[in-house]
Amino acid sequence: MAETMLSVGIDLGTSTTQMVISKLTLSNMASAFTIPRIEITAKEILFRSEIIFTPLKAQNEIDIEKIQHFLDQQYRLSGVQRAEINIGAVIITGETARKENARSVLQGMSGYAGDFVVATAGPDLESIIAGKGAGAQEYSKQQHTSVVNFDIGGGTTNIALFHDEDLLDTACFDIGGRLIRIEQQTQKIIYIAPKLEQVIVQEQLSLRIGQVVSPADLKPLLKILVAVLENAVGLGEKNPYYELFITNKGLKLPANIVCVSFSGGVADCFYKELTDPFLYGDIGLLLGKELCQSKLFREKKVIVSKETIRATVVGAGSHTTKVSGSTITYTAAALPLKNLPVLKLSKSEETGTQEIICQAIKEKQQWFEVNQESQMIALGIEGYANPTYQQIAHLATAIVSGFSAAIARCDPLAIIVHLDNAKALGQAIFSRLPLDYPFVCLDGIQVENGDYIDIGMPLIQGSVLPVVVKTLVFE
Amino acid sequence: MILKAKLFGKVYSFQSVMDVMAKANEEKSGDRLAGIIATSSEERVAAKVVLAQLTLEDLYNHPAVPYEEDEVTRIIIDDINQRAYNKIKHWTVEELREWLLATTTTDYDIKQIARGLTSEMIAAVAKLMSNLDLIYGAKKLLVTKTANTTIGEVGRFSSRLQPNHPTDDIDGIMASVMEGLSYGSGDALIGLNPVDDSTESVKRILTKFEEFRNEWEIPTQTCVLAHVKTQMEAMRQGAPTGLVFQSIAGSEKGNTAFGFNATDIAEAKHLALQQGQVVGPNVMYFETGQGSELSSDAHYGVDQVTMEARCYGFAKRFDPFMVNTVVGFIGPEYLYDSKQVTRAGLEDHFMGKLSGISMGCDICYTNHMKADQNDAENLLTLLGTAGVNFVMGIPHGDDVMLNYQTTGYHETATIREILNKRPTREFEQWMEKMGFMHEGKLTSLAGDASVFLKK
Amino acid sequence: MVDKQEMKAMIVSILEEMTDPSSTESATKVVEKPINKQEEATVKEATEEVLEDITQIDIRKQFLVPHPADREGYLKMKAKTPARLGLWRSGPRYKTQSMLRFRADHAAAQDAVFSYVSKDLIEEMDFIEVATKCKDKDEYVTRPDLGRQFDDENIATIQQQIKGTPQIQVIVGDGLSSAAIEANIKEILPSIKQGLKMFDLDYDEKAVLFIKHARVPAMDKIGELTKAEIVCYLIGERPGLVTAESMSAYLAYRPIVGMPEARRTVISNIHSGGTPAVEAGAYIAELVSKMLQHKKSGIDLKEVE
């Protein structure tokens, strides 16, 4: 009884914008004699949009109307109706996400990704998504090895380290192909990113806006950028600008990184002929060439990425959606739920008395109160490997009393359990709530504080819910 | 035809040939459940006395299920060689037994004559044999079959690696595959019993097996033991099918209960030769087990040894690479304890080999049976001595999906060492190349699955 | 001169070389150590200490391969299956610890089959106790036909105790594992009851039948005797070595004797390592409501869904 769902991924990057539509196949992996276990068994990309430069109005303002127009056009080309989309993710990445207007852009876009989700990406999430889209995680699993993926875009390089399928760490550097933009005809510099300005000053390089440049002029700067990326996986001597280029953090450098892979636009530049070094009006081609000569290529095993410039969008479209366990409880009226911040009980809270659990829930809700206005949250708990009926009953009582204020406001409740408890716990909560109260209690999904969660409409005769967990804080 | 015998002055009379056959059986709880068992030990011997004097023609004329009613009977009768049959039809079962056991009778001689034997004759002679007779008789019979590799050669002892997993988790399955291979298990087959019997699942696992087999250049066969029709659908959809599997029974009614008939098997075999990855000519894999006909009420009042022999008669038409009697899985209502399981294992192996089948045995027991691992090890040693083509190999003998116990990876290695046997020729070379085996003995690498994690 | 430390290091390294299976498979040299131990042990009195409970070792984490090519990868792979992997060997045979654990698990499995559900539990749960025609466990395992039939006395008990025509009749049977019932029944029954409430349904907890020597088709007879709309039957599964405590639930809409097996809806694998009893109970409650809604069970129910 396979069923499919459509997932859309939209990547709004510093330099380019694109979308993909993926078909995810869900199948029951359990025998006919046990409780169903629904898994995503196949992922197929149905449609890849063309790649456009992210339309900007003024220097740093995204032109939302043009993006809407682009998406309309792409939906028409794909033959997929927006209403058919079950779930998906919009990823606003790199410098774009930091623009003041990112929030309003997202609001303007929400209808364009179907009736679901809008996600903002922090650099960590972006690294993970790109690494998955590039196939680094899959390779690490197949070959039982460690792989670092460098997703080198226009403004940032997002790094994810996988070992035998497990995600170990992420990092991000402000290094990309469009840190310097050059007018193709005149070869004049038209933009220099602020951090590069700093380097130029300190290194006393003669690179100024308006100046005509040759590849040779840029060489010292490119060498620094490449050295920082080498440093990122522990190669070479520490460059003095290493710290400067860190966006949020570097890798914690576990001992042996065996393989590296590259995605993002710059990864397409490695093997291009250098007939016109400024073909794209930036330093991407030259950066690519420089990387080819680097220690990364000489000292690590370079594996071929499944996706390069599309890694992030494919990751967003195909690798962000999970499905819940198949024994869950919800009222359909509560769905879909979008962008709920996760409040996770600590182990000691969860194993505490009813009073402790109830208090913890009450206190944590206050964290999310902005200007005395409360926000809906999703409660994350670990659950029990083999609960007694009493344990479930106590937990349900504590949760309902912890959310008394939310219940008074008629806010839907969302309970996200890791272990297989959600049907019993949901029924227990149901019996303690007012009649027909909207709530979702699902399991099979692990969340942490700092995550945001989207829950889509039910699938497979209502037995499972599609879920996107957006990990914004990464341990 | 005489159906009466006197023992200690008492006359025992039997209703029919099949009544004699049932009562001549060694004690089996399944025959008791069916209500056809000898009522005393003396009656059992009396039945054997009668059986010994029946001619092969008597058995030919009284098949377990009438020719007109049953496809399996038709296949058995139609496929025998009339010239060979006419030569021996006047023999009594006693004469057949003694001829088979004679030192002067060779494998070559037996193969000439065996073409004229119906399954009922084969079952009858097994009933007159003691356990050691069954071992001695089977030991003579060499049956080799070829798929990608050749099984059953002199001095070889193979195993099917059974990497079952309670949820078909592919990584969990592969973990068992890797470790088994490092112990030298899997030279007959890497064969999974899937939890999920769907086409998708079969395709997914077959593809993974084939990828792994190619990556490490492993000379063996693979199989996912779903229903034959599911495997056929997977083949049509391009799955890299190895051997094609089906559980079979000794009557058409039994096969119908399993959801197939002879035409389906013929079609499956044709498809496998046309589209599968196995070179052949032997591409089929069947499983049997005493008692399965009774459990689906398809036994026609016939004893379980005779019905089992008929499975081999049916199988023979499709010239399988291997047939596996799953001897202790069915439970104590058919085979009560280790004594009955041991007997059944030896009977099945002998009858299969005499039928010209590449015979192996899943030497196993369930937890509601009066048996334990020592009993499994005993039967393993007996069958190893009898020259069984293959046994099962599973981590520590514990099947975590089917919830029964069989022989482990270690058992294959141990029997090879005790009886000075080797894996199939090609697989032995592969093990030497991988460094798991040297001159027939396990090396220090054997048992380390993580060798396959390093490339 | 070599000092004490160096001497110790040398001895350790020589010993390691001797016992390293990668340098030699020969057992003769390794034997010396246990002999010494034994001599020591003979002079000592027995103490009050208790050896570690080997059945508490998590098999998924137990790892005995001495020099794996990739320890971490092996453990990770092992964690994905309950199969007894990575337990190494002594020559071609099993290590003593893994062999003992196998035997312990088999002992638990056999005991689960051949023991009875405790009287205390049956009393505590207030079950109505009946038995099939089997006279003992031995007859039970060899005569599946008798495990589905009741004599007149038991039929009378059922008819007297179950009054009216229940909408939902709950039955508990020992089946092939009494241990499964003892481990799960106290958790699953209240969970079913709670779940049924969500659908405005209920069952009478004073009218739960307990069947000794029970086979699955016994539920059909109970269905006929009570005329219940739904029979929900919790029964011990044939144990494996992974667990002896696995329980199944069989549900049928208006079961009758001789009905096709396909009319049963089965949920197996209810135990602490499979579907937890409490969660299974919640699922069963929802199934019951679906069966009542569609007036179907088994394959028929799947088809309408």
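As written, the chains take the letters A, B and C, and residue 1 is the first residue of each chain.
To be clear about the criterion, contacts are C-beta pairs under 8 Å (C-beta built on N, C-alpha and C of every residue); 3 or more make two chains touch, one makes a residue touch a chain.
Fair warning: this is a prediction, and the values are worked out from it, not measured in the lab.
Of all the chains shown, the one with its CA centroid nearest the global CA centroid is C.
Remark: among chain pairs A-B and B-C, B-C carries the greater number of C-beta contacts.
Taking the mean of the C-alpha atoms as each chain's centre, subunit A and subunit C sit 42 Å apart. Between the CA-based centres of subunit A and subunit B the separation comes to 54 Å, rounded to the whole angstrom. In whole angstrom, the spacing between the mean C-alpha positions of subunit B and subunit C is 30. Multi-chain contact residues of subunit B (touching two or more other chains) are listed as 453-454.
Within subunit A, residues 144 each touch two or more of the remaining chains. Among the residues of subunit C, those in touch with two or more other chains are 70, 73, 269. Listed in rising order, the residues of subunit B touching subunit C in the complex are 29, 32-33, 163-166, 169, 171-176, 178-179, 183, 331-333, 336, 366-369, 372-373, 394-400, 402-405, 408, 410, 413-414, 416-417, 441-444, 446-451, 453-454. By the touch criterion given at the top, residues 21-22, 25, 65, 67-71, 73-74, 77-78, 80-89, 91-94, 98, 102-103, 105-106, 109-110, 112-113, 141-145, 176, 237-242, 244, 269 of subunit C touch subunit B in their complex.
Residues of subunit C that touch subunit A in their complex: 70, 72-73, 76, 186-187, 190-191, 194-195, 197-198, 248, 266-269, 272-283, 285-286, 305. Contact residues of subunit B toward subunit A in the complex are 167-168, 195-198, 200-201, 204, 453-455. Against subunit C, in their complex, subunit A makes its touches with residues 32-35, 144, 164, 327, 329, 384-389, 392-393, 420-424, 426-428, 430-431, 461.
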